[in-house]
Amino acid sequence: MFRISSTALDPAVLHAAQRNVQAGACVTFEGWVRDRNEGQPVRSLEYEAYEPLARAEGERILAEARERFALVGAECIHRVGHLQLGELAVWVGVTAEHRAAAFDACRYIIDEAKARLPIWKKEYYASGATAWINCATRGEHAAPARPPG
Amino acid sequence: MFRISSTALDPAVLHAAQRNVQAGACVTFEGWVRDRNEGQPVRSLEYEAYEPLARAEGERILAEARERFALVGAECIHRVGHLQLGELAVWVGVTAEHRAAAFDACRYIIDEAKARLPIWKKEYYASGATAWINCATRGEHAAPARPPG
Amino acid sequence: MNKTISVQYFAILREQRGLSGETIPTAAATAAALYEELRVRHGFTLPAERVRAAINEEFVAAEAPLREGDRIVFIPPVAGG
Amino acid sequence: MNKTISVQYFAILREQRGLSGETIPTAAATAAALYEELRVRHGFTLPAERVRAAINEEFVAAEAPLREGDRIVFIPPVAGG
């Protein structure tokens, strides 16, 4: 299941829901708010989603993963709102009989989610400046592209 | 750090120890005791380690991962003893600035651990039979090789 | 020939417009034409080619026709990474 | 010419020997020769080519020489998978 949450995510709770004695492998990915991006000190992050479309696209991504890989379960949850350093921004959890499928599916889900979900990120810098990532145009200071992270 | 534990692993505790505001990505792998292997119903598992060598080899694997990938942290813990269905047998947790390194390193560590650590697994089947995995010789019923899982 | 269209804004477009959404009359025939009209009116910095559109909660092509009562969303580039 | 060697057994070897370890006199010159001696004596089912050896907690080659007081471990194939 794909979800969007405006309240803090608890990985222990998300994790416990995955237990299944048919699964031999569980791979989770967590995206955390880190203290810098492209060398600039970051203070906090804001995520904003176009929720109906993000939910539909998120479910499509999970369905694709289930089709391509031999999975027991697959979940993805994305935060929205204003997040502080160290907070959990996105969580992907995959279970499978064997680990190769779990690794491949987890990576597929987060790669597609980052590329396709209509969810935007605004960085608040220590300098007081802010930038919507990937929305920069000529004259804005934030880089328009950044490596995967 | 690499550890061998004879008591149950708590993923929430292991996970909490990974927090680091320099990390943007956290990938964890968990190997669980599942209810069948090669089509045979499994009741429980026993892991036995040659501990001094397993610890040294485990630390070598983590050092290799730190050398090959841009990581913030890398940990691996393997259970020994008699484990019931659903129990956590092995845990790998990796943090990095970016997710590609975290995924690659997590997979490297578990693949190498499975291949290189002097740790043996005995399966207890619903039928009452048992088998040391990969120690089968002519006349024993367990398959000598199995796919990764 | 004017249609009534409801427009939703997100992220940088919401901030530059100062509104999350509005219902407006427009003569624009397509999603792209409406974006261009709004970009000029509100000074949006994102050029049309970097913005996708969704009508009634489905992604559409830039040349998708607008119909009376449509709900349109202009989608800035996502964060990626 | 006999040496005193301490041997540790794990997994299937421990079960087939019925002991975790023992200290024994042997005339075997190498790790491989000692495994062969023990395999015959205790009926180990694993052939020598599937067993590795570690002496004093380091993996060694099959032809590694044995010295008085060495601690040797015969390592069955690991679980893999």
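Just so it is clear, A, B, C and D label the chains in written order, and each chain counts residues from 1 on its own.
Here is the rule we use: contacts are C-beta pairs under 8 Å (C-beta built on N, C-alpha and C of every residue); 3 or more make two chains touch, one makes a residue touch a chain.
Computed from a predicted model, the values in this text were never measured in an experiment.
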Chain labels contacting subunit B and also subunit D: none
Separation of subunit A from subunit B, taking each centre as the mean of its C-alpha atoms, in whole Å: 25
Centre distance in Å when subunit B and subunit C are each reduced to the mean of their C-alpha atoms: 50
Residue numbers of subunit B (touch at least two other chains): 147-149
Subunit C, residues touching no fewer than two other chains: none
Touching pairs among all chains present in the structure: A-B, A-C, B-D
Subunit A residues touching subunit C - in the complex, by the definition given at the top: 48-50, 52-53, 56, 114-122, 132-135, 137, 140, 145-149
Residue ranges of subunit A touching subunit B (in the complex, touch as defined): 11-12, 15, 19-36, 85-86, 97-100, 102-103, 106-107, 110, 147-149
Residue ranges of subunit C in contact with subunit A within the complex: 8, 10-12, 14-15, 45-47, 50, 54, 57-59, 73, 75-81
